[in-house]
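Presented sequentially are two complexes of chain A, the first with chain B as partner and the second with chain C.
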Partner chain A sequence: MNRYTEQRIFAFLARASAALILAVLAIVVGVTIYRGGRVFLTDPAVVITPPGSRYMLDGGGGFLHAVLGSLFIVVPATIVAMILSLSTAVYLQSDYSSERTSDVINMFLNVLWGTPPIVYGVFVLTIIIAVGAQTSLIFGVIAIAIFQYPIMTRYADEALRSAPDAVKEASYGLGATRFETAKVTIRAALPGVIAGIIMGFARGIGDAATVLFTAGRSTQMPGGPFDPATTLPILIFEQAASFNAEVRSHAYAASFVLIVAVLALIVASKLLAGRYARFTPGGRQ
Partner chain B sequence: MTHDTDSVIRTDDLEVTYTGNREITALNGVGVDFAENRLTAIIGPSGCGKSTLLKSLNRLHEIQPNAEITGDVYLEDEPVYDTDEPLPEIRRRVGYVPQKPTPLPVSIYNNVAYGPKIHGDHSREELDEIVETQLRKVNLWDEVKDRLDAPGAELSTGQIQRLCLARSLAAEPDVLLCDEVTSALDPISAEQVEETLADLKEEYTIIMVTHSMEQAKRLADDVIFLYLGDVVETNDARSFFENPQNERTREFVKGHTAVEYDDGEDDVSEGDGSADEVNGDDADGSRSTEETESIPAER
Partner chain C sequence: MAPTTDNGRNAETNRPDRLGRRLVIERLSSYWILGAGLFAIALFGLIVLTLVQQSIPIVSEHSLLEMLTSTNWDPAQEEFGFMPAIVGTIYVTVLSMAMGTPIAILAAIYIAEYAEGRMKVIVSSFIDVLAAIPSVIFGLVGLIVVVPFVGDYLAPALGTHSIGLGIVTVSLVMAIIVTPFMISLSVESLEALPDELREASLGVGATKWETIRSVLLRAAGPGIFSAILLGFGRVFGATIVPAMLIGGQTAIPESPFDAGETLPSLIVNDFGELMSIPLTQSALILVGLLLLVIVWLFNFGAMLIRRRLQRRWQY
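On to the complex of A and B.
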């Protein structure tokens, strides 16, 4: 084959694959917005109305319980995971660990990252059984935090590693302690760190398997941290499997809420990262 | 050294070895004195241990893994290695200006205020005063006084390097280490930084690594010539350049040693992986050859 033909074929494949991805994304987002948005426009109250007593059967009321459940589970979980993952990521830098130690820990993190979320769910379930508790919001928080931790740590680690060494050197050269230098390095790596946190949040808010056994499939408003709760992904699964057409249409409305939340987060992270990139040496490309 | 000023900082049989994939001795039992309120230039071919010597003075090379050290450094007769004094205190007293102009990821103001902030409590007024004083010392105040809250990273490379100088001075060091601070700058910025250094050497003990013979001639009071981890000759600048004692120094001053470069040793012993270490032009003393690599001056 002629090398120019080869080149043309490759260029075609590259463009086609990009177009395919964009098309799939557009269809998913489009269908969700079209079908969910329709419910939304005709009956926007479903998002802020608590479910009726027989919601899954007759669609009475809305799904505020799952919206709140998602928020109350994923926001605290993200905060916990953020603190843990930033600490770990700092520990993995050469200031604290030898290269070998951080390689080993990184391997474990990869294993954790690759572990299916349902496994975390079952793991937390055994804790619930061991302590004789019931599925509740607080255990959902724990399971989601464990699930987010390796994701956020890997992002933070990469971001800290790509921060210029000269920043570290400058900070130490001014007589900063390791902790003060870590803060400066995090500041220099902030765009990447924020991206990791948002990614962890988005993955957490979209995950069903971790929550299934830990917070439950409650159809009632969560009243406190020890009440059963549920999140949007589980709700969507239940709604989509319902016999009632109205409940099924609510599944699209719930998907719409979820997808808009994730998109909004990504936009927010871009804006935030851009703000901080101004301060990063060489950050403005 | 041949003058009678007291030494502020001296090394005693300092030996630094990098134990990586292959073992490299970067400094071979170096014992040198650095005199107070003078500017000492460390010169020598790439990979000869210049940066290592500089960074070992405030133990900055320790942030790279795999550096082993024997011997000691004495700062006003107090040991730097064999001591209970916290490392950050030593590094405050021996400031370091990196080769690559790197602002901290904060505002211009906070770049300068960083050292004072971490080392003591200062009121806002005190900090304002420190920032202005230090920025004036490096001739940057007039250029940035209206935008102190702008990110340090938005300045030009030359301005950033002067900001780095001000930042180091604000920590009130006894000794200032400058690692090829003009090598990443365009000629005009480099000249400004040189002028600043010339002003500063009246009040500070400055130790600088330089690639440029011309720069050493212009700025240095004393010169240390390192070759492959050994001190070949130290002398006051005038005697050093006009009447070198050692054969190797004579060759280097004339510009012949430059061909004997060992590029491989560069990355490990200099540690900063700087691109401009590999060209063999430092002995000819022209600054312009060094500005072709490294970071672009304009962004």
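On to the complex of A and C.
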């Protein structure tokens, strides 16, 4: 084969693959928005209506319980994971640890990062059984926080690493302690840190495998931290193949809500990252 | 002139105090940050220990080898053969990686080498979006779109029969999920290459494609390779999509169009029976442990191969 023909063929293939992926994205988002949006727009109240007493059978009421459950589980989990992951990321910088220890910890973080979410779910469930508790909202929070921790640590670590050294040097030069310097560095890396937190939130709100066995799959409004709760992904998972068309349509509407939320979070993370860029030395003027 | 009376004295007496407080904060925060650093290791250790401890009951009743090779999964009869789920997992992983990898590499080449300006920004941010969509939504779209496609068109076109739910369906959807993930990692390592490599290769008369094939793919090889292995880990541990689309049948699948079960979907589908038979619980926790160990091996292998390739394909 002529080398120029080969070149043309592969250039075409590369373009075609990229086009294929965009087409798939369009199909996925399009189908979700079309099927879910139709249900949602004909009856937007399903999002703010509590479920009826025989919800799984006749789809009476709405899925406010899953919307609230998602928020009550993912917001506290994100806060916990944020505090932990920021501290870990600070530790991984050279101020607190030697290069060797941070290499070792990075290795463990990579393993955690690649661990299937279902393993976290099983892990938290075994703890629930061990302490003799019942599946409930608080364990959903724990499971999601564990799931988010390695993801957010990776983002935070990358962000802190990319902060200019001059910030750190100037801070130490003024006689600041390590903790004070870490605060300044976090501030300098704020766009990346915030983008990472939002991405962690988006991953947490979309994950079903970790909370499937830990949050309790209830079909009632969440009562308190020790009561069973459910989240939007669990609701979609359980109702997507239901025999009742009404119950199934709620899964579509829930997926519409979920995809809109995730897309909004991604846009927000890009916008906020731009907005906070003014804290970055040499960033946006 | 003497220092102004009150203010000056206050500042002087306060200074040691303030420094002391700063040092106390520094001391306390350093414990906290050290703790946070060790938390990663502690969490990993705790997970492994818990899973090992909880899977002891099943391992002491049935031999591990026997369970891994037995084809009979029937918790009610205390038969715990993982073979059907293992075969299903391998089917799904191999099929979806076979579909996803070439497309991911080609698309990464397009983004890193061909796309320019706004097109590049648009394509790569769309791929970020695709990577962030929750897998349960892919599962739902799979039910709406891919299941009828496989059942009504693909299987008849290939002369077989399928109910729509099955290994092929899961593999198609998993290929879609894992591709953007592999693309963004591969693009990163392609873009990290110095321009001198491209210039030198083009300068000695190679075409753009020859440059990509013989120089850039090699130089970025270690990164792309670990992207693929991480993709393997992703597909391997995927739970929600197989549980929704595979059809849940614990027999060894005869063709890829059959319904089956993967290791993670086994956990999801059989957890209902968990509370009634304690041994099932232990068996499913053992499955979780297996997943963890295999993903760990994938990660470790990725690291080793990456180092080796880096030495071999040095530039």
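In the analysis below, the second predicted complex is superposed on the first by the 271 of 285 C-alpha atoms of A that agree within 3 Å, B and C clash if a C-alpha of one lies under 4 Å from a C-alpha of the other, contacts with A are read in each partner's own complex, and residues count from 1 in each chain.
Keep this in mind: a residue touches a chain if its C-beta (ideal position, glycine included) is under 8 Å from a C-beta of that chain, and two chains touch if they have at least 3 such contacts.
The structure displayed is predicted, hence computed values, not measured ones.
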{"item": "Clash or fit (per the criteria above) of chain B with chain C on chain A", "value": "fit"}
{"item": "Arrangement angle, chain B at one end, chain C at the other, chain A at the vertex (C-alpha, nearest 10°)", "value": "90"}
{"item": "Chain B versus chain C as contact partner of A:Val262, first or second or both or neither", "value": "second"}
{"item": "Contacts of A:Asn110 with chain B and chain C, given as first, second, both or neither", "value": "second"}
{"item": "Which of chain B and chain C A:Val28 touches, first, second, both or neither", "value": "second"}
{"item": "Contacts of A:Ala166 with chain B and chain C, given as first, second, both or neither", "value": "first"}
{"item": "Which partner, chain B or chain C, touches more chain A residues", "value": "C"}
{"item": "Contacts of A:Glu99 with chain B and chain C, given as first, second, both or neither", "value": "first"}
{"item": "Partner chain in contact with A:Thr177 - chain B first, chain C second, else both or neither", "value": "both"}
{"item": "Partner chain in contact with A:Arg187 - chain B first, chain C second, else both or neither", "value": "first"}
{"item": "Partner chain(s) touched by A:Thr219 [first = chain B, second = chain C, both, neither]", "value": "neither"}
{"item": "After fitting on chain A: smallest Cα gap, chain B-chain C, Å", "value": "7"}
{"item": "Residues on chain A lying within both footprints (that of chain B and that of chain C)", "value": "177, 180"}
{"item": "Chain C to chain A touching residues, read off their complex", "value": "22-23, 25-26, 29-30, 32-41, 43-44, 47, 50-51, 54, 102-104, 106-107, 109-111, 113-115, 123, 125-130, 132-141, 143-145, 176, 179-180, 183, 207-210, 212-213, 230, 233-234, 236-240, 243-244, 264, 267-268, 271, 281, 284-285, 288, 291-292, 295-296, 298-299, 303"}
{"item": "Chain A residues touching chain C - in the complex, by the definition given at the top", "value": "3-4, 6-7, 10-11, 13-18, 20-22, 24-25, 27-29, 31-32, 35, 84, 87-88, 90-92, 96-97, 101-102, 104-105, 107-112, 114-120, 122-123, 126-127, 129-130, 146, 149-150, 153, 177-180, 182, 199, 202-203, 205-209, 212-213, 233, 236-237, 240-241, 251-252, 255, 258-259, 262-263, 265-266, 270"}
{"item": "In the complex with chain B, residue positions of chain A that touch it", "value": "94-95, 98-99, 164-177, 180, 184, 187-188, 190, 276, 278-284"}
{"item": "In the complex, chain B residues that touch chain A", "value": "58, 60, 63-65, 88-93, 95-98, 100, 102-107, 114-115, 118-119, 151-154, 164, 167-168, 171, 177, 272, 295, 299"}
